[in-house]
Each structure stands twice: as C-alpha cells, then as structure tokens.
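Take a look at the structures below.
Each of the two complexes below includes subunit A, the first together with subunit B, the second together with subunit C.
== the complex of A and B ==
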C-alpha cells in the first residue's frame, strides 16, 4: 500500500464566497512530468530553480502556426525574433523548421551569423543601428528595416561607400484601431511620413527597396488589427506600383501575437480569450488576398512571431523554501525562483501548479521569490494546495522574454535545460558561478587590499 | 540568286522524295539509287521522270500543299505510271502527249483518293497508279499511232540497244549466276517494283533499302520468305511468284505493315507472316477476275491488304500495343520504333492540360481513387482532402464543432485556369456527423478548363463561393472555403475531374501535373495520382528556373566556349503554326524541340548535328522540373538514336523489333541553391549515361548554372571533353 501524503494540519475559515460563472474554483492537476521527464528528477539532476524548455512544444507551435498561414496564403516566411529568446539551441530549432532570423542589435546580428544563418535571411530591425553595423549588414545582403529618417540618411551615405546596394524596407506605424497605438517605431502611415520616406528611398536610387514592415504592438488581443495593418501596407505597395512601377518582394507584419498567458487584471484566462493562430492567419491572409494584388504578384508574407511560439514551451521549476502567515492571517509561500528570473511576472498571472500529489484542500496564497526586495512577488494571490518545504512548483508559460530579460541579481542564474523530442534533457545554458559575475570585473590596484 | 537555288533544291527534293516514297522513305541516298535503277531502261526512266515532274508541276501550279509536294506525295504515283507506260510503249511524240495527260489524270486521281481515304485517316498508297495504268493500257489499245514496247519481249535486244555491250554482259552474268532460285526471285521482285525485272536492279534496290532502314530490309526478306514458303506449302504455281510482278506485293506489304504503319515489334512481324496467305489469295482471285481484260494485278494485293489491315486496326479497343499503330510518322521504321517507344515511356501519362491541387499548404488524402467509402464505380476517380494536425488528427479540441477541423473554412483555389460552369452555394453545412444525402454534392463549383475537361469541387462552405457562372478564374485564385455541406459527415474537400459539365458526371482518371508528397521524405511527383493517406502540397515553383527556361520565339541565344573562342553558337527560338517550339542552331541547322508548360521544361526531339552545342544542351536539359528540392533526383530515358554509336546502332536496328539494348539514361540532380529575395542562383547537375554489359559506352556530365533569371554557364564533361560554355547576352526580340 502506498504511503499517504502527509499534510500539515491547518484551520481555515469556511468561505462560500461568490461563485463565478464557472463555479467555485478551478483545480489544476499537479504537473509531475514535463514531456515525459519527472520534475523531481530534473530538479535532482540540474538543481533548483531550473528553466526547462520543451523542444516538442516549440516545434508543435511552429508547425501549427505555419499550417495556419500556409493553408491560407501561398508564400509565407517566419523570422525568429531573437530578442524573445536567443539561446542558440532555441534559435536553431526555429532555423531547422525554416525560420529566418529577426534581430534588433549588432549583438543579435552577430549571434545569428554565428548560429549559421544565411545573412540574406536576417532581418535587421531596431531603432539603434551603428554605421559599422549598417555597413556589415549591407555587405552581407541582409534586409535592413529603416526606423527613422536619420537612419535613412545614414544608410544613403553608407550606400555611397559600399559596393553593394543596401536592401531595405521601412518600418511603418499606423492606427489599427487598438489602444495604445504604437507610434514610436518607424514612420507614420496616416500623416504621410511613410509615403514620404518611400519617396526619398526611390528618388535616392541608392537603396534597393525590398519590402514594408510594421510592428503594430505586442500581445495584440484583436486579430482585426492585423487585417487593418495588412491592408494599409498593401495600399502603400500599390502606391509604389503606380508611381514607380516598383514591385515589392515582401510585406512584413511583424510580431505581437498574444500567447496563452493571462494578463494581469483579466477576468478570464488568456487561453480562452486570446485570438487563436487561425484567427490571426485568417485576418492577415484574407486582407492581403482581397487587396489589389493579383494572384501571381502576391508578395511574400513575413511574420516575426516570437512570444506566441515559445511562451508555452518554457517552464520554471522551483522549490518551496518556507511557509508563513502574514499579519492578516493570509498564507504566504516563499519559493526559490524570483522576479529576477521571471520578469514577466510583472505582466502576467502565470499559471502555477504543484509538482507532486496533493489533497483536495486549497488555500489562497501569496507566492514570493527569494530576493530580499519587496517587489519580488510571483503571484499576489493564487489558490494552491498546501505545500511543505522542499516541495516543487512548476511555473508555466515562461518561454518568452524571460531568458533574455532575466538578470543576475542577488542570486546566480540557474541551469537552462531543453527536453528533446525523445525525452532526453540537455543543458543548453550552464548555471552561473562566482566567476561568471566576477570574471569580467577589474579591481584597481589601490582597492585590491584592505586591512 | 539564293531564291533560284532554293527553288532548284525544292525541285530536287520533291523529285527524289517521289522515288523514295514508293518505299515510304525520305532517304536521299536511297532516292539516288532508285533514280539510277529506273534509268536502266533509259526510255522508261525518262518517261517516269517526265510523268512525276508533270504531276509535281501541276500540283504546284494548282496551289496544292507545298509540304506534300516536297514530300513526294503527289509525285510517286505519277512516277510509277510513267515507268509502266515507258516499258509498255515505244518512245514517240504521241506517246509523250499521252504520258503527260496520264500524269495529270494520276494527279487528279491522287487528290480524289486523298480526299476519300483521308477522311478515314487512311493512306492512298498506289491506287491512283493502278487505276491510271489500267485505264491507260485499255484505252491505248484503241490508239493506233502508239507502238507496243518490245523491252519485255526481246529483252537482250532492248538492253543492247539502250545500254551497249557492257550492260548486256552484266545482265547475262546475273542471268547465269547460280544463286538459289529463291534469292534470285527476291532480288528480281525488288527490281520489279521499278519495272526492272532483273537481279542487278534488285541488288541495288536492296542496298538502298539497307541504307535507308535495317528494319525495312529485314521485313522485305521476311515478307518474301513467308510468301515463298506459303506457295510451296499450298502447292501454288511458283511461276506466279517467280514472275516478279507478284513477289513485290509481299515485300511492300511487309514493310508497310511491319514497320511503317505499325511500330516494328514481334507482333508486327507476326502479322506480316499471318497475312501472307491473304495477299496470295487476293492476288490469285483478282488475277482470275482480270484475266479477260488481260490486265496484270500489279500492286493491287498490296494496296488492298494494307488498307484492310490499317483500317481494321482502328477498331481496336484493347491490345493497342500488339502491334502499335504509328501516330507520328517519321518515315523510317527505326525512328517510328525508337522515338515512338521513347515517347510512350516518357509521355504516356503526360496530359495536355496540367491540373494542380486546389488549395494552399499541405493537405492529406483522406479517400483516394477507388476509395473504400464513396469513390466507387463511375465516380471512382476522385479525392477527398483534409488537413491533418500533429499526430494525424483532423481536428483539435473535441472535434464536435466544425471549427475544430483544421480544413474547415480554409481557402479552396482554382486547380487551373478556366471558366466557372456551375455554382451551388446554398446547401447548409451539416453538423459534425450528419450527412445530407438529398443534396449529396453539397455546395459545388464546376470549372470548364476546356471542352473535354472539367473539375469539380464539392462540400464547400455555405455562402463561401465568391465566383459566379461564366467567370474566368486563374490557377490559384481563391474560389471558396472548405465546408461540410452535402454528403459530408465532417469537413473535407471533394475534388474530381470529369469530361462533362454536370454535377454528378462520372469521373475521369486524370493525374495531378505536379505536387510534392510529404509522407516519408519530400518527393516531387509529376503526373501522378495522389494516394490515400498521402500528404500533398502544390510545388513551390522556382522563379529563377521558370524565367531561365522561358524561351520566347524570336529570341536569340549566344553561346561561347571559354577555352576555345572559335567554338560559339547562336540559337534562335522558333515556333511553327502547329505551336511546335524548338531551338535552332544557326550554323548547323540542328533543331531541339522543347515543351514548357510552366511546371516542367523538357525536350521531346532532337535532329541535326551531334557535335553542336545545342545537342549537348538537349542532353543536359532533357527534363527539368521548374522547382527546387534538394534531395530530388529526376530520371528519364533517351531514344536509342540520341547517342552516336554507329556500329552498335547497326546491330541494334537489326534486332530492335525484339530487343532494345541501347538505352541511354538521363539523370538530373539539384546541385546547389543560393536563395535570394531578388532571384535565386540554381545549379543543376545532369548526365547522359549508357551502359552495355556493364561497360560504360557513353557518359556525359553536365552542369547548368542559372542566376539573375538567366542561363549563365553550361559545363560538359566526358572522357574526351571538358568544356565550359557561357551563355552571353541572351536577348529577346
């Protein structure tokens, strides 16, 4: 007979509360395994806290999104948004699936090159490109997305000194009916800046105008916004055809698809309310197909989807350090993963499950991280079973941005593990040691010693 | 000046072809030999020549088809009539008046027979000759000024008179030679075709026949031998055969049926033997009938037999290859065999009108041709397509909502250009699991691609159809969305091709022109029928290849060898009124016929110099699918005649009806691709390899480099050659 799980005794006030339309409460089963590997085994082998990525989830998400578009539009190309997660192992999964690279800095650009990406399949975005970076990207034949007029002038200047013609697109911002309107990247559509910039490019004769790009925002909860954006880009493309007889090779609709995470303050879970891949794909494809382009001249559709492709593939495994009661009597649990690893905790109500069996009893809990900072709160209030010290929890949907925006703060950063399609776990980034932090430090001689 | 040369050349070719056409040939050397043979009797030869020139001239003046005159179609009957008349009558002015009139009559008879028999797709053979000569012979009996020829009666006298003592000696030597009687009769019979009933003429004609075609030569022996043995067996009068105006019927019939109208094969050879008695019966029967008129049957048995046989073959529904009818006449049994067989191997599944898959992305065949559910009987050649998710399921979530199905509401596109014939757009979508057997096809579009090919897309989403009848749609245009209407328990697309425009028409077994199968590894399939459970998508076409192989009539293409500047060629892209397109080398006149349907570029025929660069290009780009898939290998077969191996080829010709051992193979691999938004660079590697008994006889390796949407470089490598050819300033007109 199996040993019964011990639960410490507790007394809580019986609250019927106000039932929601979905009933009293929502019990999530424990997450004992990820892709067939036991959570306890992962923690034993690789330590706690631990970042876990699922190769299977990444590939499945990619294929699902690709299918959503490729069954609706004849030519579609994804470019992996490096800033979302630029672990080389992750990038290369996307490159294996056929993604190009979308980078926003010289560092990311070099990273894509060293990952082996064909430079002609790198899209160089971002508001801050140096002259040297532009020269390199031009010589390599990469696609440079111009963000502002100063960059345009710089690039025209660069074009004079380089044998190759820079291959460019401009970034266009526009009103797509959503709030807030993102107008800080690129040239505005409604006030004519974008058309003005395109004219400057065409008249300069020094740049090879390949396409148009827009990034309407992030975590866009309305698919229709993309339909508006696609038609506006198509309009610009038609104007170019009419005025200059210039046919664009591609339209780049950027990123911004929402993942299944739930934004803070949402009443319903994100998995129920956020648009599906099919909805985004339908909006964009039908807008382009119904535009003026004839069947043969439909441009390549490029998408820079990041978050929606990787969020669900990431987990943080963490261990309970302590339980305590707050002054109000509210329960609080301290775990060993804090906001320094989970930057997105500021935006999302991350789904969190326990990693071992539990009874039916639950209690509203505040979940704190291990940092000695007041802001280190993973969830203000979450209904969790009762846990003991050294029990494990699994934080879900952490694949996007956390592995690029995390910081070494107070604690060293842990291992990152990738579980492949055959359920083998591989370390894809080693945990940090003293040297990782101190190695780059220099101590002036007069500070080297003290009594 | 060149106009006159052109005209003289035209006269020369039409004259020579009139001689060779008697043997269904257009071989120049054979023609010269036949011409010589006809002049053994100078008077008869001259009469034949005058007669054929008269017929050709009048045909020209009447404005008849010049290609037909050039091919000798209007000359050969007149030639034979002239020869016959020349033998029968003495030369004198009145004779020539009669000759010219008879030649004209022969031409009109030729036209009449062409008109009557042509309707049935039948040849007129030598019927005009028969009628003309018979009528002329009968009529001449009343013309008192004409003097009967003596050449048939006092042979030696005539020969001496016309050829001198040397010819008499030659004639006598051949007369005394102690060859077996069968062999002598064979040669005499050959000579008799040109009214020269002696061995020497026969020997020359046999030589010409061998030069023209090994198969025809073999057939002439077969035809004669089977007749010989049949006469022996049946106990017929050997003199009939011996007297040569009978024997040649067997020879000509054997050539006509064994290799000219039918493709030479063991089946055609068998038929040559089987019909021997029939020819003999026709001969005997008609000889008796015409006895009272004292007219010889000449080539009547040959004419009747060939017509009967060729006509009879048209009624076949099965056994179409036993023997196979020649559809494209190359005027050579060898070419009819090699090119005909090669074309059948290459193009038997090649359809005139390419049809593509009617959707974007990868779909799965859920029910294929001869399906186990509903694709049966008259409707068996249809496909049901769905989209399968990861793990093969067709839906996500629980699968009880239509929207759970991956294919539901996905765009359906036109499989090819065409007119919308019929649209039904009002049948409601079923709930999952339910079927509507009253309106079983559901919402449907029928597209007319041409008068015999319609495509039908069914079970579409209610109200999703964006086109109306009469509209012109182009390939890939979105027409509707996949739905669940009609007899459809869950969303899927029903796709079929049919020959008639109705909803409910029976299906047509018609393949998809080009698609990628994703089931195991990616594989490009041409003109195949997607099978059940196969995952298929349309082919991503490679624009660089499409543009590079898009040759525009009038365009000139210049080539230059990098190592040897003197080796350069200029090709011109040509087109004729039958829409045949070819590349023509301006210096050698070599022609490489090509076909380009937007999916595949291929050559279907080459004629001309095998040392021209065009020949190597023909070998290198024999078949190029206009797409790029890394692991893809394309194979094909060349006709035996496309590599130059003279001695082997001679033996090959002799046994070709039974076994073909010269089988040059074509192979194409995609060597390298550099992708670039402004135009990809593609390198193709191909080869032409021929092995015999494990020994490599021919081994050419080529690469073709395409960039900036143009052919740039061709390399040729073989044991004896290593060349790099640049395509320079290819310009369109």
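== the complex of A and C ==
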C-alpha cells in the first residue's frame, strides 16, 4: 500500500483578543519558482544558501521609476548608487538602462571605470576622497561632489596642479521636516554654510560649479520631504543666478526612496504604507517646476536611487537545518542563511515564504541563522507553514545593501546567481573557498609550526 | 502517557477541552495521534502505527512525536504516567 504524505503533528490554542503586532497571518503561497526557474533546481545546481537576483525585476523597477519622473519633468538622469549593490553584472544592467554611476570611494570609482562607465558620467560622492583620487577624478572630468571645507580647499589646491578645471557640486544638508535630520554630510543650508561654500567656489575661479547635491536620508517615508529639499536647492540656484549670473547644469536629489520592505516595528506591511514612485516623482517635479526656473532653464534632475530599485530583485534561498522548541514552548527553526548574509535583518521584517507544499497549518516561529551567535535572528516571530528539515525557504526583498555589507563570518559566502530575462541562471559571483579567506593571510616564520 | 479523556475532537480538527474551556486546532495527523492515545496505545505503538501508514522514518517521527507530546503536556491535554 502506498504510504500517505507525512506532515508534522501540530496543535495551536485559539487566542482570544486582538491580533498581536506579530500576529499578522502569513497566508502567502509558497514561492516554488523565481522568474520561471524552480527554487529546488537552483539549490541543487548552485547550493544553499544562495543569493538570487532577477534581471527582469531590476529592469522593470528602473523603467517604472524612470517613467514616473520622465513623464513629469523634462530632463532626468539616474546614477546607480554603487554601494547599494556593486556586483558588476548588476551595475551593468543599470548602465545598459542608461544610468550613470554614483560612487563614494576610490574602490567604487575604479570599479565604475573598469565596468566601462564614461568617467564624465561618474558622480564622486563621499566624505573621504584622497588627493590622488581627486587628481584622477579631475583629470577624467568626473563630477566631484564636495562634502566639507577641507575637501574644498584641497580641491582648489589640486586645481592648481592639473590642466583641467575640476567639475564640482557641493553636497547640501538641510531640514526637510524628517527625523533624524542627516547633517553629517555636506554643508548646511539653514545656517548659511552652503551659501558660504558656493561663494568660495565662485570667488576662487578654479572650479567649474556644475550643480548642487543633497541626499536627505534613506528609507524616507514622506514624499513631501523631497519637495522641501528640491525647493531649497532651487533657492540656492536662484541666489547663484542673481549674484553671479551663474546657471547650474543640474540638481541632484540623491537617493532615499523607500523600498517595499517593512521596517521593524511597523504594524502594516511596507508595500501598503510606503510612498509610490509616482508620489516621490510628483513631489520633486512639481517643486522644481513651480520654482523660479523658467521652462528653458530647468536644470537636469539627477537621482541616485539605490534600495528602491533593487531590493525587490533579490532573494536568498535557504534550507531548514533543524526545528527546535525553546524553554518557553516557542517554536524555533534554524536555517542555513544568517545575518552575516542578511545585514538588513536588523532593519526589516523580511517577507519569508516556503518553497514547497503548503500546509494549511501555520505556526508562530522564531527564525534563526546558522551562526553560533545570539544576534543571528532573521525573524523574531513569523507565521509559517509547518516545515521539515531540508525544506527550503525564500527570503524576499534582499537585493539592496546585503551584497555589499555582507561579511565572511564563521561560514564562507555562497554563490550569487542572476536569472536573465530568458530564465537562464548565471553565477555572477562565485562562492568562496578556503583560499578566499586564507589566501591573503601571512604567517610569520616563528608561528609557522607548533608541536 | 494519559490523554485527557474528556476532550471533544471534531473531524475538522477542532479540539475542545471542557475542563478549561480552551479550544485548539490540530492537524489531521495530530488528531490521529490523539485518537490513538485515547484508545490507550503506548508511545511505541503510536510510532508503529504512524510509521506504517506514513512516509516518514522512525527517527524523524519519534522526534516530532516527542515535540508534540511536549506541547500537549504544556496545554494540559496529556499527563505523564505516575
């Protein structure tokens, strides 16, 4: 006789009263396929855990955001924020779509160059550029966004030693009504620092002032904050016109749009509450169009959107290692992907689905990673169908920041796979081996041996 | 192992404990295990019966059963033999 399919025995008590903060039911169907490729096949071919990126999702998100702006504002340019995800395959998808590069270090700058980006289309941000990097960026004609006065003086000095005139903007920080206000980077608007810096640039005559930049923060839940930011930059631009008859080529509103992730502590899912691309685009475009600029004078609008363009394209596939009971009776499940791969688990309640079957029963589970560390918690509490050892789970919306802020810790890092638009899977970063870690080490001779 | 004999278990997996007024949902295999205990089966007999019928190896089921009976005890649905 054919045996019946086994499911773990399971019982839950009905709780009366309000659903708790974590009590939202998770009735999401299993994620058996990503872009037409079976999760089980991906894990068999490439191992578990596994990072998976969807080329289709990246392009779709880009085109949607581009359209939101280009239908409202005449001149829009995106610059891919390398730190969000600088796998070259990912960067090149954005470059193929027309994005420039936005970099914040010499390492990222060189990476953009080696990816083939035209140096004049590289925006060089960040508080820590060296003299050599400034010389290189100047000679290449890249756009240098000055972060502080020391850099401004250094760059004026550099300008004296190279034949090209540095093409620059300043980064401006400001009160846009959101908390916390990011005032650590750039020159402040309200106290006049920004206007002072612009005057120094204009009087020096050594720098080619191209634009103004701001990046008001990240995961900004208020579209209106961008309207405030755009108006303040437009004000500075007008002052430059009035005092120096200088017309800026661009205003760069930075990044910071929220993705569809749910921030920790939120009651409602981010997909319901976060502003849409259209709302951000409307806020920024109307602030600029309604400012003093005449139609012909409107500067190029640059955006450095990071997480909102890539979060949804990323998945981590992971495998159940064990099911446990905590001393309190709580269910705990251990999976093979931990916070060393999923840095954003500290900010987000990542959506997680199972990859097979779909038991109609759910249990409230704590989901832990494989690190032998107390902090390794992927979700404190999540309602999941009953899972058995060796089952797979899919962690959603992991495309932003994880593949740059991940760390090799305790375990080696896994393969990263990109699924192209024809459902072919390509490894875009090889899994690490012993040599990836030990290869850079050196053992002094007296430590080479022991009994 | 003694199951609380007053429990009312419906076919849809709804379980009511008249002693405490608490109600529970239990999945089909869980209901089956409770029924086997109510018939007076020992843990070993339950393991035999389930592993005969279902696609599961003895070790896996033994571990899951231990977990399940642990929860039944915390809900006072099952008592350890004296």
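The definition used in the following text is that the second predicted complex is superposed on the first by the 437 of 451 C-alpha atoms of A that agree within 3 Å, B and C clash if a C-alpha of one lies under 4 Å from a C-alpha of the other, contacts with A are read in each partner's own complex, and residues count from 1 in each chain.
Convention: contacts are C-beta pairs under 8 Å (C-beta built on N, C-alpha and C of every residue); 3 or more make two chains touch, one makes a residue touch a chain.
Predicted, not measured: the structure shown is a model, and the values here were computed from it.
Partners subunit B and subunit C, brought together by superposition on subunit A, fit side by side with no clash. By the touch criterion defined above, A:120 lies against subunit B but remains apart from subunit C after alignment on the C-alpha atoms of chain A.
Of the two partner chains, subunit B is the only one that A:143 touches; subunit C does not reach it. In the superposition on chain A, A:71 contacts subunit B only, with no contact to subunit C.
Computed from Cα centres after superposition, the angle at subunit A between subunit B and subunit C reads 130 degrees (steps of 10).
By the touch criterion stated above, A:289 is placed in contact with subunit B alone, subunit C being left untouched.
When both complexes are overlaid on chain A, the residue A:9 reaches subunit C alone and has no touch with subunit B. Contact with subunit B, but none with subunit C, is seen for A:60 once the two complexes are overlaid on the shared chain. In the overlay built on the shared chain, the residue A:167 is in contact with subunit B alone; subunit C does not reach it.
Contacts of A:329 after superposition: subunit C is touched, whereas subunit B is not reached. Once both complexes are placed on a shared chain A, the shortest Cα to Cα gap between subunit B and subunit C comes to 35 Å.
Applying the stated touch rule to the two superposed structures, the subunit B and subunit C interfaces on subunit A have no residue in common. Across the complex, subunit B is touched by residues 60, 63-64, 67, 70-74, 118, 120-121, 141, 143, 167, 208, 210, 249-250, 282, 285, 289, 295-296, 300 of subunit A. Subunit A meets subunit C in the complex at residues 3-14, 323, 325, 329, 359-361, 386, 388-389. Interface of subunit C with subunit A (complex): residues 15, 22-30, 33, 53-56, 60-61, 64-65, 67-68, 70-72, 74-75, 77. For subunit B in complex with subunit A, the residues that touch the partner chain are 359-363, 387, 389-390, 406-407, 409-411, 474-478, 675-678.
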